[in-house]
Amino acid sequence: MSQKPQRLVYLNGEFVPEIEANISIYDSALMFGDMVFEMTRSFNKKQFMLRQHLERLYRGVRQLRIPLKISIEEMEQLVYQTMEANEPAFAPRDEHRMMIDVSRGPLGMYRMVFGGKVEPTVVIADFPVKWTVASLAHFYDDGIHAITPSQRAIPSQLLEQKIKNRSRLHFLFANLQVSLADDPNAMALLLDPDGLIAEATGANFFIVVDGKLLTPEGRNILRGTRRAYILDLAHRLGLEAQEKNIDLYDAIHADEAFFTSTAFSMLPCTKINGLTIGGGKMGPIFKRLIAAWSEEVGVDIIAQTKAFAAEADAALSSGASTYRFSEEEE
Amino acid sequence: MSQKPQRLVYLNGEFVPEIEANISIYDSALMFGDMVFEMTRSFNKKQFMLRQHLERLYRGVRQLRIPLKISIEEMEQLVYQTMEANEPAFAPRDEHRMMIDVSRGPLGMYRMVFGGKVEPTVVIADFPVKWTVASLAHFYDDGIHAITPSQRAIPSQLLEQKIKNRSRLHFLFANLQVSLADDPNAMALLLDPDGLIAEATGANFFIVVDGKLLTPEGRNILRGTRRAYILDLAHRLGLEAQEKNIDLYDAIHADEAFFTSTAFSMLPCTKINGLTIGGGKMGPIFKRLIAAWSEEVGVDIIAQTKAFAAEADAALSSGASTYRFSEEEE
Amino acid sequence: MSQKPQRLVYLNGEFVPEIEANISIYDSALMFGDMVFEMTRSFNKKQFMLRQHLERLYRGVRQLRIPLKISIEEMEQLVYQTMEANEPAFAPRDEHRMMIDVSRGPLGMYRMVFGGKVEPTVVIADFPVKWTVASLAHFYDDGIHAITPSQRAIPSQLLEQKIKNRSRLHFLFANLQVSLADDPNAMALLLDPDGLIAEATGANFFIVVDGKLLTPEGRNILRGTRRAYILDLAHRLGLEAQEKNIDLYDAIHADEAFFTSTAFSMLPCTKINGLTIGGGKMGPIFKRLIAAWSEEVGVDIIAQTKAFAAEADAALSSGASTYRFSEEEE
Amino acid sequence: MSQKPQRLVYLNGEFVPEIEANISIYDSALMFGDMVFEMTRSFNKKQFMLRQHLERLYRGVRQLRIPLKISIEEMEQLVYQTMEANEPAFAPRDEHRMMIDVSRGPLGMYRMVFGGKVEPTVVIADFPVKWTVASLAHFYDDGIHAITPSQRAIPSQLLEQKIKNRSRLHFLFANLQVSLADDPNAMALLLDPDGLIAEATGANFFIVVDGKLLTPEGRNILRGTRRAYILDLAHRLGLEAQEKNIDLYDAIHADEAFFTSTAFSMLPCTKINGLTIGGGKMGPIFKRLIAAWSEEVGVDIIAQTKAFAAEADAALSSGASTYRFSEEEE
Amino acid sequence: MSQKPQRLVYLNGEFVPEIEANISIYDSALMFGDMVFEMTRSFNKKQFMLRQHLERLYRGVRQLRIPLKISIEEMEQLVYQTMEANEPAFAPRDEHRMMIDVSRGPLGMYRMVFGGKVEPTVVIADFPVKWTVASLAHFYDDGIHAITPSQRAIPSQLLEQKIKNRSRLHFLFANLQVSLADDPNAMALLLDPDGLIAEATGANFFIVVDGKLLTPEGRNILRGTRRAYILDLAHRLGLEAQEKNIDLYDAIHADEAFFTSTAFSMLPCTKINGLTIGGGKMGPIFKRLIAAWSEEVGVDIIAQTKAFAAEADAALSSGASTYRFSEEEE
Amino acid sequence: MSQKPQRLVYLNGEFVPEIEANISIYDSALMFGDMVFEMTRSFNKKQFMLRQHLERLYRGVRQLRIPLKISIEEMEQLVYQTMEANEPAFAPRDEHRMMIDVSRGPLGMYRMVFGGKVEPTVVIADFPVKWTVASLAHFYDDGIHAITPSQRAIPSQLLEQKIKNRSRLHFLFANLQVSLADDPNAMALLLDPDGLIAEATGANFFIVVDGKLLTPEGRNILRGTRRAYILDLAHRLGLEAQEKNIDLYDAIHADEAFFTSTAFSMLPCTKINGLTIGGGKMGPIFKRLIAAWSEEVGVDIIAQTKAFAAEADAALSSGASTYRFSEEEE
């Protein structure tokens, strides 16, 4: 009788079973949150915008001066190899979510533990997109209820938010504050210290005003790959779209609002601080964009997400109410 | 022929060899820098201020709402057990540096990987204090050359600095900037966004003016156990000592300046941004305090540190010039 | 058959029935929130700290340059006269809550409407303390659950918070945000833009740490008469008490926390952002202070408040859950 | 002998004489500055941009969650009815200035006073435009002398300036400071905390540089209906016009500067902090815009204002020197 | 016939006539405001607190790394020599005001002009105290009218205000703004960006509340020698005196307010932003302090100042109304 | 035997030898850094953008209210006369660098020294461009290594950076901090308090991203004449070029970066905080711009600068390593 294949993780040159994909307690990633990463996804088993993800990753590696010896081309190949190695463990309609981590490796002062030599840590994991998005499918109907917590976004001059890194404890604080609202559809939408809307804890934010798309300037936020995609897609569809300082007043009185992220692509935001946006449901611009996106990737994104939700096993769905964007990635 | 005993790490209920003390890539500690920790040390094999370390740890656990089931008393016992388990692997004059880590454990959405259930992660490691302090011994002669980098301390309202946590990438940025100075004795001394002196990347800061000790108010800094100890010790020695807003002018024109941390206790600061403080060597108040401290713990702190340096093997010392306070803990 | 006497309001030199105590739509109070005011209360029918209230009022009158012709002594007499005029309408155990309003009067450009001449508006109203406190009695058992909303306190340099004035729309925003928490015991506790605790929307805040009372510095807050009273009372009881910058960390890990205001005197704060303070009930210092206070005024404050609650008619109690501190006064 | 008809005010469903248009001392408008409002005007007895005024009003009602039961269409009708009801009391060449106020009504805790039930307060008053503008006519010749007081504009994240509300005490402080200048032509021009020009206390600000119109970004200001009109009118006239961060340097060295508001439409600003702008008189762009505006509304705006000034009775003009923009509305 | 002796200035090792005391256009002082300085005064021909002045000067020299070769002791001697050299040119009752300037000297790139070598520039000038204080004597009767201009003090983290330096253009801006008030008794009192009172443009500020002296914390201000003297003198007189954050509210409602500077010692502040302080005249604490000060220096300070005023020639007095504190020194 | 002609400086109406071009110690320029100035240069002996320099100068004169009696046209003539008067002292291939200084003149209180009358001080100096640029020639090969010091740019609301003035001590602090890097190619690049790139201490900054030029918005910087020239030149070359908020992330990951100033025109920036930009050498856009510029002025800018370097005498070159941008002008 054949056994079910298990998922494998690329870890510093080897493929190891997922359960063994561990990192030393002396790794700089654990000691300082000193790790850059990306989380991608496939559509129809094809990675989408992988190169853009890797370019962002390498900008972080460079700025943090991590002495990584793998080139971006080699990294791209490793991602593909990891996906191939895992395909047998995936169901036919599963999509691949790749998590690519790079840290400086164990701190130099502990190198005795590692035979006197330390190297950057590289991880490439691969798990089904449905893990992330199954519990989100209902938002296409319910919409996300954004709440601005007391916690502010950290401005880039204090901690560079444009590098996708692991020093993100403030995102947890934001989520803890929002969890006081006791609304399963509530998600944190962070203001920066100037009172301008920044981002969710793992998703970018857009509003639509008079048919025009607006998204916060890319200053104190992670500049999401899907944010860039939407700006480009909008232009191709003949819509006006631009980056602009947005504050709560602008958002609360907008015609539509929505979030973008790599895992879920787009989700409607139907309330902000308890006030209904866009009649409480997906707006016409949202629909037009997600339809065009679905066509470009050959996957009906809403339908696929709902299908993932339908097949989600009990264990997964039972945790849905504690889901927060922080587990999500732009 | 007997084999050398190896160091063991307490990891979620078990003792494992140090090299196997690893944490899942899906742990919240790695995903969000969502881990609180302490690093302690012994004097003459006795843990010093352990209870205060654990109380700070548990305040962090509580504020981050990590559902830890181990009580503070149990944790204290586990620390002692870990130290005992490791004593055979330690040289007679080695001191024990305990690293105690607590994270929320793997994120809920990955619990399928862990049999459907996730628990907080608890780590207690134990390694020789000399690893940390051997390369610092020369500072008792040379003094630390503090440099204020462009990077500012993150104020607590944006990321609570009073919780000893792992979202500390800004410390790395500070160190990278200071490394441009190409001075092996240079260490980063962070200003907060108001321009007030905050702390080093892993050490608290004191100045002495007219025989009085001053240390920055405990607002945007980690309130170090040794900072508290010095304030208390000073009072017991009949010295005035208080928390106060300190800016660069105050520090540059002070009579003495020094740093405190758990690992090294006290080190003189003899330059700030290139200007010599206190004649470039340990001042009289510094000497009086470290003498009293040494007496209280029954260890000549300077002598012990220099002894550790003398025995440091080549591999360790070769990395000394890249050492930064970030590898150090208050 | 005798009719129940009605409450009267002093309004610009006359006593009018409460229902007719109205102010012109052209009054500067309505046009600009340009009104200073005080809300006092009696204990055993005797006004408490009335003079301090009036001194604060007159500081505001002076700073706003309202050309008020009534002296502070005359105002004091008018308050007493108003209380006497209303006593017949009060039950024997009712206490008097006086609301004293002073505005610049109608704007000059509308003086045609008023016969070509405009004068400051002076109002002294008098209503039972129970209206305000009946719905609060349960907090002596439940404690207040403080939540820090996204709304920050306005710093005094932008709008002088030390003048008790009517430009307080930001308090309403704070309350609206907290109302999302759907916790009937939740009250807003505002941080100022520096992240320091300021005040509730109508009450001052204290913490107790190691037997010592701390309350935020009087910079960006209304300096409550009861805040001053507690600082003084504590000193008389031999307790240390001082003003100090307090942030969330200090408050969350305090031994006790409580609020003070004119109407309710003191109420325990048993949760901050969902974390329990002081075991979730009145602490020993709180009890000691309220006992001493009760003794000084000859009224068992807790018992009286609970008695008010018991007699509250259905109409009143049904609104309890929407009560917010904003209806309260320091 | 016929009596002169009196002005009537719509007040919660009834028309009452202006002198009786009063609001309870327990109204949230008086207690918290919790009132949104608009002030409109007619040209040739026709309301101008009324719908835009009402849309702004309703955004405020919504954001403040005032449970107003009147729809925007009904409100529009009520405004027209009020104007009609007052026309008999107006001179033939008078224009109608409507003041529309909406508050939450009396606070819930006082509802016993009002028969146990409280409703939002709605006021629609109507008075001659000349009351407001007669004393301003000379500015077409003299120009306004803007002074930047120490008082800064409150940024929207602390108190939403884009909602036209009654918590505006800081405007009074600004005016008080400017009144120290002892220049009857001086008006306050507020900087925001970033040092950028915000607005006057009741008027928006424009500069002209190289033939191009610039007005501060709509972040920390009331976005005036006339500001929007000018931006649109300029485009229709083929002029470049845009929102932009403007600081004092830009303004002081501009070719022209002017203010806009509902009551006076446009007034030239000929001095800033004592430095002459645009030769101290109306500039060519100003003239072109006001001419086009006059044509669009069929009223020579300057001539009409001067005519109002000419007929102003002594009582009104005697107060001119104390007039400040705060009595004015955008 | 004997000629009147002329005043001499020490300039880089020589004594030159005052009219020839000039500095190269290429001097760093002129190029960058890169000069530290002190202005002292004598009482009865004896320099007062000279050493403290020089210590402050040398802290600035050190922090700016000016390679000055003259020791503080030598500088002290040079000051005395300059005073002696000038005494013949002084009237018997004149006092000596010494101005001590130190700059880096001409910039290195211009050293060709100076024979290839550049040295720090040292100036010691000496002129009668009456030049500075004669026009101030009337303030002992009128009091100074402080006005807080829009210009804020520059915080020390942007430009170290504790170094007495020549980059003080913002003081001029403050004075220009205050000159709009057209009140000859008006002087600028600067707030810092936090809204706290900093200092005048050349004088420190004190208030008296309930018999206690308060002066702004020494963070964003020049810490005046006379400020230190008053704090010390107050303690010696048994008065409470301390540094504290002070905002406008505290000052406006204080019992007394006054300024201190080297030239005029103390002057009463009798108005702030138009509101009268302390009844508009010198208060009892002020009188007590200036009496004690006069006694300590053996000069009746008020009487002497008034005598200087009386003898002031027409040319001097005609400029009195344009005098501003900026010409004054702490 | 003929003597070498000497350089002359225009000083208040006269031409004086350069060594005698001095300014009184009582001049407002020295007392307050109260001087506006310009530094120009010629190409082929023809002044470039002189009028723009003078217009900026006169804006400063006006804003500082310096009562200058010389018109801009007269000033222009004086500049030409000064250049002519100096030409005999210049080598044939030398270029003229004019320094134009205007200050308020001696402070009024010292006018006795100057015969009772004070006038603005006007200086026009003229020296060879090579003095400034000879030591910079190697940067065309090495590139400038920008470092962001702890010192922040002063925002214009605290000290107007758009006026070219002499209160620039913070530039010296920035340079002192950068000098700690011990890299002769290091130059300070200042961030403003918002963390946005402002300018170098005497040069503007540009980046090139995807073929598009970006330079910081003209808010907290000196708006250099060459910055304006490059924006214009780029447009004429068909390149996109605009002002935009730029932060470190944008700059570090740009394709090219460069500085502009009057003296050196353009210099490549090849490192920022140790990270290499644009491959460490001049980029294609840089080359295209400087080629076009060279063509427009008829001087091969790079070649000329290198020629100046080649002829530089030993005295000059020996100081090269201490050169900082602060000696440079935009």
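Things to note:
For clarity, chains are labelled A, B, C, D, E and F in written order, and residue numbers in each chain start from 1.
Note that in this section contacts are C-beta pairs under 8 Å (C-beta built on N, C-alpha and C of every residue); 3 or more make two chains touch, one makes a residue touch a chain.
Since the model is a prediction, treat every value here as computed from it, not as a measurement.
Across the two interfaces under comparison, E-F and A-C, the one joined by more C-beta contacts turns out to be E-F.
More than half of the contact pairs of B-E, counted by residue number, reappear in one of B-F, E-F or D-F; that pair is D-F.
Taking the mean of the C-alpha atoms as each chain's centre, subunit C and subunit E sit 46 Å apart.
We define each chain's centre as the mean of its Cα atoms; on that basis subunit C and subunit D are separated by 33 Å. Between the Cα centres of subunit A and subunit F there is a gap of 46 Å. Touching two or more other chains at once are residues 65, 157-158, 160, 176, 191, 274 of subunit E. The touching residues of subunit E, counted against subunit D in their complex, run 147-150, 176-177, 179-183, 191, 273-274.
The part of subunit C that touches subunit B in the complex is made up of residues 191, 194-195, 245, 247-249, 252-253, 274-275. Residues 59, 62-63, 65, 155-158, 160, 162-163, 217, 219 of subunit C are the ones that touch subunit E when the two sit in their complex.
Contact residues of subunit C toward subunit D in the complex are 9, 18-19, 21-26, 28-35, 64-65, 99, 101, 107-114, 116, 123, 125, 127, 131-132, 135, 151-152, 154, 157-160, 165-173, 176, 193, 315-316, 319, 322-323, 326-327.
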